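Before we start, here is the structure in question, set down as structure tokens.
All chains are identified by letter, namely A, B, C and D, in their written order; residue positions are counted from 1 within each chain.
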Amino acid sequence: MNNLLTVQGRDMLVAKTSKKGGTCIEVKGCTIGGEQVVVVAGPCAVESEEILKETAFKVRGSGAAMLRGGAYKPRTSPYSFQGLGKQGLKILAKVGEEMNMPVVTEVMDSEDINLVAEYADVLQVGARNMHNFSLLRKLGKIEKPVILKRGLSATIEEWLLAAEYILAGGNSQVILCERGIRTSERWTRNTLDLSAVALVKELSHLPVMVDPSHGTGVRSLVVPMAKAAVGAGADGVMVEVHPNPEQALSDGQQSLTPRGFSLMMREIDPVARAVGRRIR
Amino acid sequence: MNNLLTVQGRDMLVAKTSKKGGTCIEVKGCTIGGEQVVVVAGPCAVESEEILKETAFKVRGSGAAMLRGGAYKPRTSPYSFQGLGKQGLKILAKVGEEMNMPVVTEVMDSEDINLVAEYADVLQVGARNMHNFSLLRKLGKIEKPVILKRGLSATIEEWLLAAEYILAGGNSQVILCERGIRTSERWTRNTLDLSAVALVKELSHLPVMVDPSHGTGVRSLVVPMAKAAVGAGADGVMVEVHPNPEQALSDGQQSLTPRGFSLMMREIDPVARAVGRRIR
Amino acid sequence: MNNLLTVQGRDMLVAKTSKKGGTCIEVKGCTIGGEQVVVVAGPCAVESEEILKETAFKVRGSGAAMLRGGAYKPRTSPYSFQGLGKQGLKILAKVGEEMNMPVVTEVMDSEDINLVAEYADVLQVGARNMHNFSLLRKLGKIEKPVILKRGLSATIEEWLLAAEYILAGGNSQVILCERGIRTSERWTRNTLDLSAVALVKELSHLPVMVDPSHGTGVRSLVVPMAKAAVGAGADGVMVEVHPNPEQALSDGQQSLTPRGFSLMMREIDPVARAVGRRIR
Amino acid sequence: MNNLLTVQGRDMLVAKTSKKGGTCIEVKGCTIGGEQVVVVAGPCAVESEEILKETAFKVRGSGAAMLRGGAYKPRTSPYSFQGLGKQGLKILAKVGEEMNMPVVTEVMDSEDINLVAEYADVLQVGARNMHNFSLLRKLGKIEKPVILKRGLSATIEEWLLAAEYILAGGNSQVILCERGIRTSERWTRNTLDLSAVALVKELSHLPVMVDPSHGTGVRSLVVPMAKAAVGAGADGVMVEVHPNPEQALSDGQQSLTPRGFSLMMREIDPVARAVGRRIR
């Protein structure tokens, strides 16, 4: 599979062969792509300062390295909760600072990049925008790390080429994130493709995370899939945590409680050690 | 299937039940959603004024109602031809005017909407942007028709909800376009889902087109699939035509020659009549 | 696509290039693969002689050429109705004879081939058995025509190779039948792939039918998809018809009423003429 | 997800709630479903006594608990190597006895069940026969364990219902085996769905294995996916091993060498311990 990532005889920028060693990305003292398996946790959406603070406090206590929370939410229906927007960004940045945790949030529109970059430490491109090449091209011009989720039915090749858009623009701080693809299976929301993790690690120098919350859509599957992801060699795990999943404005059925998250951390810790990594 | 398109007990704007009769969209004397099956033809990308003019002249002669051509091309690889941009828009508008054909082109970035709307008669949202909700929301604010292609693996529900974003913004001139979905089939580029046409006609008042060029990715399948689309009740057919497909900068293998297009028009004409429609 | 169906430099038996002209299959005066688009109709399962006779009488009156009905039913759950077995075969044969219609029924087990062949004029291999190579090999040894349905997620190549198993065994009377493949779409039971019809007609000399009942799983989509199938060049259409779909023991939601079937026949007739075929 | 496996208000036989504790299956001193993660290894097909013996000797030395090898091979093309049949069964049984390893092999035809059961300790139903209900029903009547692979695009529900066919027939010794499902991904042969493992462990008392060889189709992905499978909670791992993969008559590109297998065993051992299991 050596020639998969070449163009006109040259290695692409994402190709492992184009660079010595794996890419390590530093975010406020947290390193993604190093020995640590970085755990990113938080609610699907920023709903209020209180809820976010409570969540952050608890997940940090259990060992989460970074805080996630959506301010702009890509929702299938225009009538669903769309996120708090700029207010959400402010809350996220404030709580992150108070808790001393780097924060991750999604950017959906190329017009919002500067605004989001002002508040967030890491910008996320959601699965529905993986093929939004305009957005990718503009993210190549910023100096903040980008988490690039795999598209709903994107091939691994397309995903790496989407990353190439960002690298080609000049931003080499890209973290890939597998979050499941669409299949005909009905009992899970998506089919989490962990072979993508292994394949990316083989072909590229970029770090790769796994999101078992979206990847399964089922709370009880998050912990076993987090363990599997770490076993497969993931550099990070991103999960949704909400203090009261039943009342979450989005994705409640796949969110862990803080207690469930604490359990997850205890269970992935030995798996990380078994593959020569650590979670803190 | 009556309650599929409701939200909190109300009919959605896209629902057939929300409106009397089907939506007809007028573009410079051409009506989409009426008795005529509207045929949109042209090259994948605007490559030069000469090529476009030659194509337009020929497809118009065979009965095409509208001219298509991409100025901004969503390409999987950042190293592929990305379209001529603003220059492409100008060429398209000029040729359209000379040939007296309304023109359709894709918009990829919400920042480009005004520019594209200045030159194009109909704006197209490509499959890769069907879930770009920011773009959809802004297209709800313009006064030009929008062709909304179905996403690579979007469900029919998600597609109609994407249209709802545009309608909810105030723009009711939306034309849906089925262009195939991803499956495990390898001999075709996508699997053209013509049941989606029948289902949309049953559930919604919006007109729906079919793109058998992207839907199959194989030139020899375009004509039979165009006939099938008309048989299924499509309000329009959009196909790629290039005077010299082997030299096309993109999608050559699925482009008809002008002669192949002429044949297609002769073959779909009796099918259109058989289902009570006409192609001119 | 000329070399797709070769093996070690030789054309496969299914390849168009291996034979002069298309294969026509004669069944008691009915020709499949000729000018006529052959319509096969009947209930999903043989439930009783009365119901079958009533159905047969009506579909024959509307122009159906052959009668279908399952005696052995491949059911996902062991607790669902599994068909009447041998008794069902007898009823089917009896009604077929009385109505002077050739009969089609499914064989699920290689041990049952002789029994089924005794009663049926055409043996059907269901989608779930398309990869049952033992069954296929044994069907190569009989002298009755076989309808080979495409597997649930089979590629067109695999489907043609499944046919090759039967031809290689010595039985060249194979009729392919597209019945939809699995995708992530939720509002239809399967995604009917009509491009498969066009592709098979291009690559093979074998006749190909379409089953829009299983292909969509939705009664209201059967008629438009039957028209699309005929437009795409199908040599036959197979549909489920039940006098009282709500009380059918299987597949009621996708079965036409006899009246709906009569409407279908009226609507596909002009489409068949438009593509140079006829339905009676 | 508690009511997913009920029928008419009763728990199905496969449902966790229908039985106290997980099912443990004993095969000649080897227990599947207990503390040990059982590793099954061997060539795709039995090619000769020598090759099989060499493979068995080496995989046993590295810790494999059981030996696999196909005598009847389900091949897409009738012109591919179809297995040695009865001779293959004899070789397999002989080598298994010499090496003191229980042997697993596939049965493709209900007529062969007795013959295969005479030689094999465990009978395997391949993915292509998961929906061969006749075969399943007859496997319900034997007294040997059955490994039931998930179908090419089967849902988890259909897979469990296929197992229910066997249990309903009276044979409760069923081992499920996830082997990847078909998706639109091109760089892997299938998409290995490890969430299926976690879901089966949650819903059913049956043991579940993972086959990362077929699940990925890529040799270099087998080891990371085996680690992931163990992390996810699999009760066993089944892999293809061939002393000379380049010369294997089938599936060479996904077969481990004996040395690669030995490495895999060293790498999954600590992961097994991390989740409270062991591999020997």
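One rule holds for everything that comes next: a residue touches a chain if its C-beta (ideal position, glycine included) is under 8 Å from a C-beta of that chain, and two chains touch if they have at least 3 such contacts.
Just so it is clear, the structure is predicted and the values come from calculations on it, not from any experiment.
Contact count check for A-C and A-D (C-beta pairs in contact): higher for A-D. Subunit A and subunit D have centres, each the mean of its CA atoms, that are 33 Å apart. Computed centre separation for the pair subunit A/subunit C is 47 angstrom, with centres defined by C-alpha atoms. For subunit D, the set of residues touching two or more other chains reads 153, 157, 182-184.
Judged by the touch criterion defined above, the protein chains are all mutually in contact, each touching every other.
The residues of subunit D lying in touch with subunit A in their complex are 1, 4, 153, 155-157, 181-188, 191-199, 201-202, 215-216, 218, 220-221, 224-225, 227-233, 267, 270-271, 273-275. Subunit D contributes residues 153, 182-184 to its touches with subunit B in the complex.
Those residues of subunit A whose C-beta lies close enough to touch subunit B in the complex are 7-8, 74-79, 108-112, 128-129, 131-135, 137, 151-154, 157-158, 161, 164-165, 168, 182.
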